[in-house]
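Presented sequentially are two complexes of subunit A, the first with subunit B as partner and the second with subunit C.
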Partner chain A sequence: MSRDELNIKDNTSLFKEERYVQQRENKKQFEAPCSEQETAEALAYSKSAEYMEKNFNRQNVVINPHKACQPLGSVMAALGFEKTLPFVHGSQGCNAYFRSHLSRHFKEPTPSVSTSMTEDAAVFGGMNNLIDGLENSVALYKPEMVAICTTCMAEVIGDDLNSFIGNARIKGVISEEYPVAYCNTPSFVGSHITGYDAMIKGILSYLYTRSGIESKPGSGAESGEKLNVMLGFEPYTGNFAELRKILGAFDTKYTILGDHSGNYDSPATGEYEYYYGGTKLADVPQAANALATLSLQKYTLKKTQEYISGTWNQQLAALSTPLGIKGTDTLLATISELTGLPIPAILTEERGRVVDALMDSHPYLHGKRVALVGDPDLLIGLIGFCLETGMEPVHIICSNGDVDFNEVKFKDEAEALLAASPYGTEATVHVGKDLWHMRSLLLNDKVDLAIGSSHLKFAAKDAEVPLVRVGFPIFDRHHMHRYPIIGYQGTLNLLSLIVNTILQQLDDHNSGFNFELVR
Partner chain B sequence: MGLSIEENQKLVEEILEAYPKKARKDREKHFQVADEKAIDCSTCAVKSNIKSRPGVMTPRGCAYAGSKGVVWGPIKDMVHISHGPVGCGQYSWGSRRNFANGTLGIDNFTAMQITSDFQETDIVFGGDKKLAVIMREITEMFPLAKGISVQSECPVGLIGDDIEAVSKKMSKELEMPIVPVRCEGFRGVSQSLGHHIANDAIRDFVMGRAELAETGPYDVNIIGDYNIGGDAWASRILLEEMGLRVIAQWSGDGSLNELEVAHKAKLNLIHCHRSMNYMVDHMEKAYGIPWLEYNFFGPTKTYESLRAIAALFDATIQENCEQMIARYKPVMDAVIRKYRPRLENKTVMLMIGGLRSRHTIGAYEDLGMDIVASGYEFAHKDDYEKMLPMLAEGTIVMDDPTAYELEELTKKMNIDLVGSGVKEKYVYHKMGVPFRQMHSWDYSGPYHGFDGFKVFAKDMDMTVNSPVWDLVSRKGKMEPEEAGV
Partner chain C sequence: MDPLRQDEFDSQACGSIAPKAKPCPRPKPGEAAGGCSFDGAQITLLPIMDAAHLVHGPIACAGNSWESRGTLSSGPSLSQYGFATDLTDSDIIFGGEKKLKDSIDYIAGRFAPPAIFVYSTCVTALIGQDMDAVCKEAADRIGIPVIPVNSPGFVGSKNLGNRLAGDALLQYVIGTGEPEPETDLGVNLIGEYNIAGEMWDIEKLMNSAGIAVTSRITGDARYKEITWAHRARVNMVVCSRALLGLAKEMESRYGIPYFEGSFYGAKETTYSLRQMAYLMNDREMERRVDRLTEREEARLSQELRPYRKLLRGKRAVLYTGGVKSWSVISALKELGVQVVGVGTNKSTEDDVRRIADRVGDDTEYIPEGGASRIIKTVRERKADIMIAGGRNMYVAMKEQIPFIDINQERHKAYAGYEGLLRLAKELTYSLANPIWKLAASPAPWDKEAPPYDR
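Up next, the complex of A and B:
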């Protein structure tokens, strides 16, 4: 057998072979497909202004939304705490979906269990499932805490988590002392960020209340310079590392409240351990005595922030994802203000280097029209970054954007930010719209670049716009989440991604004479 | 740990000791070690298709996943509404790699997420009115859509929405098939009931609604091939080369018309018997169409299946079949010659949905690999009865195994290759154990047919023999390095 005959083709090349092309043609006689003309006309129509108008007028159908449901965020939040097992109360399919979805993004395992409710639980309630589930999961997976969230099923039938957990204790399935935090996360309210917030608040308030500690901000054992920091629904494990680097440079003591980076960036050692890293449970009540809390996703962490400034009576600084130079400047100024510590020289130096890089690249970025998709806090950061590089945000879509913080809605803030810059004049912020709307926008009002998650790839392809993958989920590229996008280092990473995508486009679409060696 | 019946029985017992009493009693029923008696008489002691224990990290999904994710989703020229809150549609969006030809969003709607995105008000007031509007909007947005299916999520069943009435009314108004599918996630114990419900909906709303211009003696259907990585295409090409005419392909790269004309076939060829057996049974009763379960994984099973299929036709087809096998056999032998020495005697543990844990055994064996444990997520008794005779004595058979059980078995049996899904995959990477996603072919494929076996063999070699596994410094084995003198 010659080498040629053992030529093994992958599905891209295999199905381009003539025999498969013929098969495809032959199959059409049974498909009763639309004629080529009909398809071509429908395609052209779908790209038209008339279609776009209809698209924007639809009231009820949602096509390719850019959001997931609450309990997915809760599972991620629960994995931010030491030896904590996420526990999803409802039909088991939800938990299977959350585990798959998160694992596809991080390329890491997602330990999480379900109460596996079926028809009988729909009628009689899921209490027995919850009690049995606690007994089994604690015995098998030996968590130090269980963190329960609900699905839409449990919410619709009105299961009462508090009383069910109480009954589990009465039955002796778990001891009186065993920590079980919980939150309600109906999938028909909000999105994955709402669910993240609900679980963080659920865990903080639960561990604080049961500790008996009374909050005295700035009076803890490690008082003085101690900060609480929250990153929110954070798809980048690299961002945790970058933040640690920054806080380390300040030489401040800090507690990250909800750190899932350990679980989603664990080493391959030959042994799997279920739980990696996470905020220490004992650190949570102590966090009530910290000087202040810094939140890096103010729209995501709405209720948690209210809780911290209310119940813990603590100073709270709430920002959006600190992207770009100015975003990072604000982050450093805020840390400095909260701790009373000066901005470290090493970071100022780093800033200078990244500004230098931005200067080198700015000719390729300036005036580039950009489409953006993401969660509210990420978008605020991205808009800021685009404006400071001279890129012009044009279409901005936030499917889950109808959230406010301190009575400022995301949309208002985004629009104010854009209005303050000459590079933001062309932008429109669409809240509650989906990626099918984005398709129309991209086709009818062309941009140079799209920035968003993997889900944006379909619209970007139809419009022949290069896509820079940022946000959640990123399913179709590897290791993106390991590189920070926040801080000065993150700014450099984001800049490299964007400018090199643009340079690749230049090379791909050159006219021959301008296929140049030096850019 | 080899394939000793007693040793493996003991091993299973030891593993199950970690469970609380009630759960242990239940889990015990889901294991069986293959012995002579079980293999010979196909007796099956394994309990299956019953509820998972709460809190145990079951690999299973739900009825919605079975209906929308597996059966209906790949029907490319219909729009499938994920009716209810946003999550289910989002998570099942493009995550099963069922390839389909066509233009996405124009005449192909497979890799899209079309949802009613239920809000609190829909839960309170019901989603029926909204559903009707959604259907009208779908015909405006997607004028070439041939039909619509409504895939109901948990709340829809709980609040008592009448999706059947809305579908009936709107089907008349919009003059296209609109199919309500009651696949709420809480129904049944796994994806399996979703397949059944989806099949019933095909039967009730689509089957027999169109005719073929002409029928012939060689008209067959491919049933239960979801075209993962192009599987159905790699299967179809063999049937056509043999002289058969495939008039419908379900549901990978499938179309509404193919569902509607399938009743005109002379024979149903079913690959995933678990998910579509209801369909072939119905078509046999209602239309007198006989059916045959076939297996196109690995040359041995593919030859067997091709011959069994040909045997149901005339001498021409049988002759074509033999000629075709003669043409492909040297290539298949060459693939085996190349890869078998690299894979000989490697141990394999499988835990896949409802068919591949059985169907892929032959392909692994063609490569000289030994299946030492095999189980299904959502199989029924008949699947185990068919699987047991294929296994060597001492093989561990498991139903709905939990993450904990799989991990313990992998460690204690010193497994060389684990084949399962994305939820399991990265656990084994931490453990330094070679792993393939056998639900989605790990973004490779096809694996069916002769073209598919080449990819399968190459992938298994790549996985088992990658030098990357040698880089894992196993904790137990790690010793502090002494400074050189």
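Up next, the complex of A and C:
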């Protein structure tokens, strides 16, 4: 069968045909009766400075949010542990959303179940749902651990997970020893990153406490040489691989606490299993005896960090997503400091190569004005990267609220970082704002490039700004999450992504006499 | 919200007013269930493209779901905006009413929509807000309809949500407007959401037969056209599961006859067009429909010939969410594809009966979800292809099973005669792609099987 015969038009091309265009024209009669002129005026107004001011004064409605809720983060966290089934206590819809949200980003299945609470549970509490749910899911999916998080509904009716799980044991639905970790994650507080944190802390503290081990930091003969590493709410499976490569080069032993890269990057073998990879459950209590813990998303992992330095009484180094040369330098220096191992020559060499690449591209990056949207730790990394390449961050939006970290807030840190560079002087950092605010910013104060998740594409298109997709979620591009953006290699990937978007833009908008082959 | 008895809910979810003997299956705790009623309500109402849709609740419901449905618009895009009140803990304690009121005012002032739909969610329903009162008060104040949609997630399944959205349309929208004098009255399409633009293919067909669409409920709809839906001459229910109740109620209130039909497959399409003309009681129109359907069917069968040859005897497992299984079975049968397993999870009793009419005795019914259950059927029945929704797609990939997306995220329109041709091509594509051979052959150094040889 020839290609031509098989040519199926999908909705991007099909509906550009004349007859469909005609059909759409005909439909105008149903639309709200206002003239083309009025529409154009309203559109122009929405792009004006006056509207921007009103938009920024908006208090009570969120338009195009750039965050997801706590339990979504908890599901991702649970998938970071070996044969662990995420279990969402609430009505059925939330879990369905989490599954499709995560699957659309990673293009992988997401095993996660729900207690499917209904109106009876709303009145009488969700205990029966939880107990039945445990029984059914353990029988069906045979997990080695269940990790329960709550939704806003379970929180509003005040369900007590601890006693419900206890009752499930008493009833014999699960045995006394069967591990069930849990955390409370109402959606009306925090966001996906706080939910991630809550579940990681929930699992670490649960497995540690029940093991009966007493932590003696850095004392265990073998485990004492190990380093704990946490990546946080990590939308890039490639970042796990990159980090492994770096730790491997150091030749240090390590445990990644919360590693969902197996589940979200498994091979197509012809047989689907529910669980792939993940931190071994037995490694968790041992992790209490490690040398130290390295956290790569300090704003995300706030409570977990407090737990580790408090209860495990362990040395802790907390960084933000290690992006860019300086960000990666800090990562390597920190690993070296924590483990006492020298920085491997192979990484120094890699650094040199990436610096070389940055030099090759710098003429195209210098002075480029950039808008950034993302989670706090990613933004710190991205700001650092922009500044070291001569790009100028202009608009920065973090919808995730502000997060305290040892008295330092994200906004303060970001502003200090920007103030320290001549390329950061134009930037404004907005916390708790949404993508409709960003649209106003993009339209009123033009930039050359926007960096953020797929959700930003609508505002970017309105403002005719090219979008480089970085962060979570990325629904409309394939395989971005497989390429690391951390470390020197990740820096190189990010650089190629950005500089080639700019070069493409040059070609697209070329008048003809400058359509050059060599750049 | 008035508490409803369990059986009332169940029966409503099934689309009939009278309680049924066998209620729809409810999700079992501990399984990976489908979407909630809130999701269902949005599926039904979001295709009203020029309206604003405000989600009243914490960030969960809106933050995880906006912009993620493949329902296309031919013009306005306000419906794609993610509006949310984003309640926080203090709102939960003090009630989110002021926030809701301010949000409505802001949207009305800045976006001037013809109407605002306000959705309750689990939390707002639980903390006992009088959303209806806030909406009513706001509507009076700002002078545009503000429609409360009381379909919080915990009341049940997606289908129940579709149904509750239909109730909101009946209560607040249908019958509140009158068509302009020159409007050509005809058929309401109920339960057609313009996924991948299917509505446009259907409309094109109807127009060529001289049948006008009065209101789209709700694929690519404009608010205004739904207000005069009660003036239509015929109702066609495209998705019976969810909105049959709406058609029944319109029949008793406004005397509009209805029928259930589908546009999947040539036969069903022809039947639906004929039925419209028949119920319009217009001989001339019936003749036009006959001429059109004859011509289209003849042309289609010509064009389908090469694909039929390739598809004959192929075996498929079908697991659909929103789309009626039985009508897709008809379409597949016309292509020579045999359905060896079919999901009945979301089917009404009527649907199951229709399925039984169309499949052979050895077809396996898959009553409830879970990817592994579907995969098992594919394996046991030696199916060549799996036709299901996006959430099951990645499991199919892991199992190296050719796959076609049939649910709301799909990008191909399969309705009508041209849609069937597109489905035939898509099936051929999916089955013929070289990746399946590559995937099935082990690495060449793995001696057990001959190396990949393409």
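Quick note on the criterion: the second predicted complex is superposed on the first by the 504 of 519 C-alpha atoms of A that agree within 3 Å, B and C clash if a C-alpha of one lies under 4 Å from a C-alpha of the other, contacts with A are read in each partner's own complex, and residues count from 1 in each chain.
As a convention for this text, a contact is a pair of C-beta atoms (placed from the backbone, for glycine too) under 8 Å apart; a residue touches a chain by one contact, two chains touch by 3 or more.
Because the structure is predicted, anything quoted here is derived from the model rather than measured.
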(request) Record, for the superposition on subunit A, whether partners subunit B and subunit C clash or fit. (result) clash
(message) With both complexes superposed on chain A, which partner does A:L43 reach: first (subunit B), second (subunit C), both or neither?
(response) first
(message) According to the stated criteria, A:S103 is in contact with first (subunit B), second (subunit C), both, or neither; which is it?
(response) both
(request) Quick one: classify A:D462 as touching subunit B (first), subunit C (second), both or neither. (result) first
(request) Could you look at A:Q314 and tell me whether it touches subunit B, subunit C, both or neither (first, second, both, neither)? (result) neither
(request) Would you check which partner chain A:S295 touches, where first means subunit B only, second means subunit C only, and both and neither mean what they say? (result) neither
(message) Per the contact definition in the header, classify A:R439: touching subunit B only (first), subunit C only (second), both, or neither.
(response) first
(message) Let me test your reading of the model: by the given contact rule, A:N228 touches which partner, first (subunit B), second (subunit C), both or neither?
(response) neither
(message) On subunit A, which stretch or stretches are contacted by subunit B in one complex as well as by subunit C in the other?
(response) 1, 5-6, 8-11, 14-15, 19-20, 23-24, 27, 30-32, 42, 46, 54-55, 58-65, 67-69, 71-72, 87, 90-94, 96-101, 103-104, 107-109, 111-119, 121-122, 129-130, 132-138, 140, 151-153, 156-157, 186-189, 191, 266, 268-272, 436, 455, 458
(message) Under the stated contact criterion, what part of subunit C meets subunit A in this complex?
(response) 3-4, 6, 9, 26-39, 50, 54, 57-68, 72, 74-76, 80-89, 91-92, 98-99, 102-103, 106-107, 110, 112-114, 122-123, 125-127, 152-158, 180, 183, 196-197, 200, 203-204, 207, 220-225, 306, 310, 370-372, 375, 390-392, 394-395, 397-400, 411-413, 422, 425-426, 428-429, 432, 439-440
(request) Please name which positions on subunit B make contact with subunit A in the complex. (result) 18-20, 22-23, 51-65, 77, 81, 84-88, 90-93, 95, 99, 101-107, 111-120, 122-123, 130, 133-134, 137-138, 140-141, 143-144, 146, 153-155, 157-159, 185-189, 191, 210, 212, 229-230, 233-234, 236-237, 240, 246-249, 253, 255-258, 261, 330-331, 333-335, 337-338, 402-404, 407, 421-423, 425-432, 444-446, 451, 454-455, 458, 472-477
(request) Using the touch definition up top, name the residues of subunit A that touch subunit B in the complex. (result) 1, 5-6, 8-11, 14-15, 19-20, 23-24, 26-27, 30-34, 38-39, 42-43, 45-46, 54-55, 58-65, 67-69, 71-72, 87, 90-94, 96-101, 103-104, 107-119, 121-122, 129-130, 132-141, 151-153, 156-157, 186-189, 191, 266-273, 436, 439, 455, 458, 462
(request) Flag every residue of subunit A that touches subunit C in the complex, lowest number first. (result) 1, 5-12, 14-15, 19-20, 23-24, 27-32, 42, 46, 51, 54-55, 58-65, 67-69, 71-72, 87, 90-101, 103-104, 107-109, 111-122, 129-130, 132-138, 140, 151-153, 156-157, 186-189, 191, 266, 268-272, 436, 455, 458, 475
